[in-house]
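Read from first to last, the chains carry the letters A, B, C and D; within each, the first residue is number 1.
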Amino acid sequence: MSEVVKARPKAARDEGQEFVKAYRIMLSARVLEEKLAALYRGGKIKGGVFLGRGQEALSVSVGIHLRKGDIFAPLIRDQAGRMAFGDTILDTLRTYLGSALGSMRGRDGNIHRGRPREGYYAMISHLGAMIPLVAGGLLARRLRGESGVVGATCIGDGGTSTGAFHEGLNAAAVEKLPLVVVIANNQYAYSTPNDRQFACADLLDKAIGYGVAGHKMDGTDLGACLKAVGEAISAARSGAGPQMIVADLLRLVGHGEHDDAKYVDAALRKKTVGRDCLAVAAAAIVENSWATAEELAAWRDEVETEVDDTANRVMREPEPDPNEEDWCAISTPELEDHFA
Amino acid sequence: MSITYLDAIREAQAKALADDPRVFLYGQDIGNFGGAFKATKDLAKKFPGRVLDSPLSEDAIVGMAIGAAIEGARPIIEMQFADFSTCGLNQIVNQAATLFYRTGVPCPIVVRLPSGGTPGSGPFHSQSMEALYAHYPGLVVLTPATVEDAYSMLLGAVEIDDPVIFCEHKFLYNHLKAESLPAEAEPIGKARIARPGRDATIVTYSAMVHECIAAAEEVATDGFEIEVVDLRSVKPLDTDTILASVARTGRLLCVGEAFPWGGVCAEVIARVTAEGFGLLDAAPQRLNAKDTPVPYHPALWGTHRPTASSVASAARQLLEI
Amino acid sequence: MSEVVKARPKAARDEGQEFVKAYRIMLSARVLEEKLAALYRGGKIKGGVFLGRGQEALSVSVGIHLRKGDIFAPLIRDQAGRMAFGDTILDTLRTYLGSALGSMRGRDGNIHRGRPREGYYAMISHLGAMIPLVAGGLLARRLRGESGVVGATCIGDGGTSTGAFHEGLNAAAVEKLPLVVVIANNQYAYSTPNDRQFACADLLDKAIGYGVAGHKMDGTDLGACLKAVGEAISAARSGAGPQMIVADLLRLVGHGEHDDAKYVDAALRKKTVGRDCLAVAAAAIVENSWATAEELAAWRDEVETEVDDTANRVMREPEPDPNEEDWCAISTPELEDHFA
Amino acid sequence: MSITYLDAIREAQAKALADDPRVFLYGQDIGNFGGAFKATKDLAKKFPGRVLDSPLSEDAIVGMAIGAAIEGARPIIEMQFADFSTCGLNQIVNQAATLFYRTGVPCPIVVRLPSGGTPGSGPFHSQSMEALYAHYPGLVVLTPATVEDAYSMLLGAVEIDDPVIFCEHKFLYNHLKAESLPAEAEPIGKARIARPGRDATIVTYSAMVHECIAAAEEVATDGFEIEVVDLRSVKPLDTDTILASVARTGRLLCVGEAFPWGGVCAEVIARVTAEGFGLLDAAPQRLNAKDTPVPYHPALWGTHRPTASSVASAARQLLEI
């Protein structure tokens, strides 16, 4: 393997450093999600599995541009962004496989995970509901005098139809908070196509109505995503108020692993939105000589091994024990209500 | 032929659509896709233009149903999960529930809530929300526990001129089977003796009916016969049937899958003690889910909600008193 | 009086017919509301009083362009639009004064009145909530094959921030329903000024984000309102989908009669938005010789008499009797729940 | 000096703002205007930048408070009327109430709900929503009935690390007066004997405490002494204090202004009968509002909700049993 590496010129390597870094996180997310799908088919997963295949380029671009101290509230299809923000293969597997050692301790699962104390908010299912949360987090930071903080949150085309999206983004715009709302327009909300979801020509048309800046990009193009998301996050960080990002892409899996996604228009798969962003990015890397095809394959092998090893380890970890649960929903035990 | 609880719900909607041109369906992914649970499978094809996919907007879904009802339609709307109805709750409790009282114009909408826990569904896809809706005046809240009731009560719900909150239990969707759909039905508002007994009464509803019957069978091995009352409707509540059962048995246990504070079990006990205090030989008891969000992991979930085994031990305790 | 009338040329009269008709409804609303304010001060009113002074030109334009068979869901400040749509001085007074004979029978009051069976929906307080209702009413009409129907509903600048507004308008746009949403931007929501309510340059900027047509006008100019609202309603009627109307104006009273509205920026009162649309319309009528100042005064006298007489009559009407109430919230008595 | 219930709420917020830099206020019209009821009058001026007017967006108001709480702030938010909290209910019950259980991060927000009926307020400005919130795990639900409690419990609420639903009663805002603000306070979660007695116990809360005390005075003319228990907190519910009172009196009447189905009264009765069945000499009774929306006209409203006189007759009936 090391021989292959030597073949590439140094300059091209540096140039492509961020791109490659992002690619490798995308790859990790992809491989991890493939494992999750396999585990799901094997009946090893507790609950549903909802994957982000085809959305890694956009998602990773969000996570990679955020810093420690920023706030990130990912949504369903953000495995890549989560990992870029610091989430691990280990905790992902623990959560899906039901280990008691996962960050959610079996109390919540799959995509509903996070570490709020580290700025990594744990989504609830109700779509749109994370937007005001991030806005509020940013407001609190401002109130205590912090600046230069950014909060980002992701949502789908379907999620834009929620009242929570509207209220949260509007309130953030009024406060001119450094909020970045990333809309992954993957053409469907579960089975519902865009033309049953909204009537505007482009979701970006919504930006002006909130008085926020808008950014549009091809969500299958990692370079375009890194650039546009990077600009949006910088703008928010420097005080330009909320930023709305709209990326067009296609989810290349079912809504969840139970779903065969037959409803997806076959024609879309042949268009730009239907490209696999991971393959597109891989091709760009090779073309730019940032790495060779062999290196790419080696990276994949590496992640696969890590993912397999971690899954094996996690499957031996204990399940949460209902007898050890304190079954108390509040943090103030004196105020616990007691039922006979 | 074998018909599931879910089939029954689909068939009831098909029949309502076929029988009454005023009926239409509105909700997320219910059209060509047939719904997240397939409760509307093929209906869009069979009834073109009358099974409409909505945007991801619970408030608008309910609000539009109410407007349609004012104009004489009889919409059935699906919340993808009961839990998401919190986003449409304002329209339900403040608009649908008050319309008739305020204006004299009835509001015949049916809100289908795929309710209750299944393993691995977690805090936001498992809730039992009947107590929230039953608390508000102006709503009818139904909780069918059998394939037969899923069918006939949904058909009945469409005929009711008032807003009906139809709490279907997801755990029963594919688990519960019957030989055929019923031709006749008990009237809505009447409870049902799901299992006759003489030593104690368990009042319950929805999926818990089956846990309670299993518990009763278990306790029967000790020589005690427990009567299980299936409420069917939690608002109105058929106090008479409950009182008649307690008059026979002298003991009452209420079992519900919902959170413990308030709710159906508290309401049943309040009624029985107010109206049938003298019938009770022992303190009425209740068993609910634990007072935490519904946990995701099946190992926790199995303890969080009542089960045949926890119902059986509560029943044994009640019988020993 | 009849001598005065003769002085005007016939042609001008015809030309101004709609304008004058609208003006006279505005005047009725104004006089009726002045009476309500006086009754409120006199302690005769049950509950609060929320008036539309300054918003009559916009409101009347909505009601006057709707036809029998259309749907109208007015909001707080729509006394004029209500009257144009058929609401009466009598029922208004009955509702405010608590007569048992009012359409709401004492069960609801003041602005929360309507006759849904006649297409005149009765608002609930929760702002935004009427939008999906009208959309749903229109959907039902379409499903049963009716066309050429329009549904209009009004809302304030504050109401645009609600999730219900967003969800309802979006869903209507997806269905391309003949819904007209009339936004009265009176610069404040209770005490909250526009700059704490939204961040877009103009509320009309929201239209494109919903994919609906937008119409903007000076809400203090009756002619402009009649024209723009008329166009919007015609467009909806002819199948052009939802229409959004934004009118700038100022509420010339408190939020309710308990409110002195001291928070209103005095500078606004001097601007165009601060003009009294009734006075502006009156001036236009006189200037165009559609009527004389004396006629205008006579019209006012006429309404004042009617309003006073009606109020006196209503004050002698019986209150609702709690012992005659059936205290049942549903229409199916067999399903009434009984509490011990 | 004379201090109203409303003054107490304002003073508590002023003190919380003064004592704790993490506290801030967010809500509609609460800034320069001082709030629809003037509960935040002058606070924006006294605490610049910490009393913020929100847009007309209940969901966002609650959601932002939760996010701020995650970051260590302690927001107090005002719903302009409790009734409008249905539009923010999803964030309250699904986000605030689950945060600690799910993530281990507490959610110290206070949601102020101007609650309850006043004459002429009608169906949408009169609701008592404690039962909805108490049903959901993860929330603390407080219902102060006195000027002293309005003050000390609101201060206490700000200190609690969990989401607190603070149900202030609008009818008490200006009616209820005290000489001074308390320096000490009963702990939150403890009920209070508002009037001692021996013949029957009335358990109640919020504005109904005063109706019940008046009723007790009326019944005292017949020679019966009724003990009135003011719950103060409906979740947690202080079952011990209730049981101790019932142990003394043997009779229980629960009175609440909320709708009758489920709710505080049902919950109290379910607990007392489960844990203190043997203490009861008569069937426990309850008195709630009628099962319709709150009517607008004062003549109807006066019959819809319990009053001193209807409580007195319910109490007399209970005593005659």
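In this section, a contact is a pair of C-beta atoms (placed from the backbone, for glycine too) under 8 Å apart; a residue touches a chain by one contact, two chains touch by 3 or more.
This structure is a prediction, so every number in the text was calculated from the model and none was measured.
The chain with its Cα centre farthest from the Cα centre of chain B is C. Here the spacing of chain A and chain B, counted between their Cα centres, is 36 Å.
Centre-to-centre separation of chain A and chain C, using mean CA positions: 46 Å. Taking the mean of the C-alpha atoms as each chain's centre, chain B and chain C sit 41 Å apart.
Under the contact definition stated at the top, the residues of chain A that touch 2 or more other chains are 104, 107-108, 112, 124-126, 161-164, 167, 170-171, 174, 196-198, 329, 337, 339-340. Chain B has residues 54-55, 57, 59-60, 83, 86-87, 90, 94, 97-98, 101-102, 123-124, 137-138, 235, 237, 261, 274-275, 285-286, 290-293 in contact with two or more other chains. Because contacts link each chain to all the remaining chains, their graph is best described as complete. Considering their complex, residues 83, 86-87, 89-90, 93-94, 97-98, 101-102, 123-124, 131-132, 134-138, 235, 237, 258-259, 261-267, 269-270, 273-278, 280, 282-286, 290-293 of chain B touch chain D. For chain C in complex with chain D, the residues that touch the partner chain are 45-48, 98, 104, 106-110, 112, 124-127, 158-159, 161-164, 189-192, 196-198, 263, 319-323, 325, 327-329, 337, 339-340.
Across the interface of their complex, chain C is touched by residues 21-22, 24, 49-50, 52, 54-55, 57-73, 75, 87, 90-91, 94-95, 97-106, 137-140, 160-162, 187-189, 235-237, 239, 271, 274-275 of chain B.
Per the touch definition, chain B reaches chain A in the complex via residues 28-29, 31-33, 36, 53-57, 59-60, 81, 83-84, 86-87, 119-125, 260-261, 285-286, 288, 290-293, 295-300, 302-304.
For chain C in complex with chain B, the residues that touch the partner chain are 71, 103-105, 107-108, 112, 114-117, 121-122, 124-126, 129, 131-141, 143-144, 163-164, 167-168, 170-171, 174-175, 329-332, 334-340.
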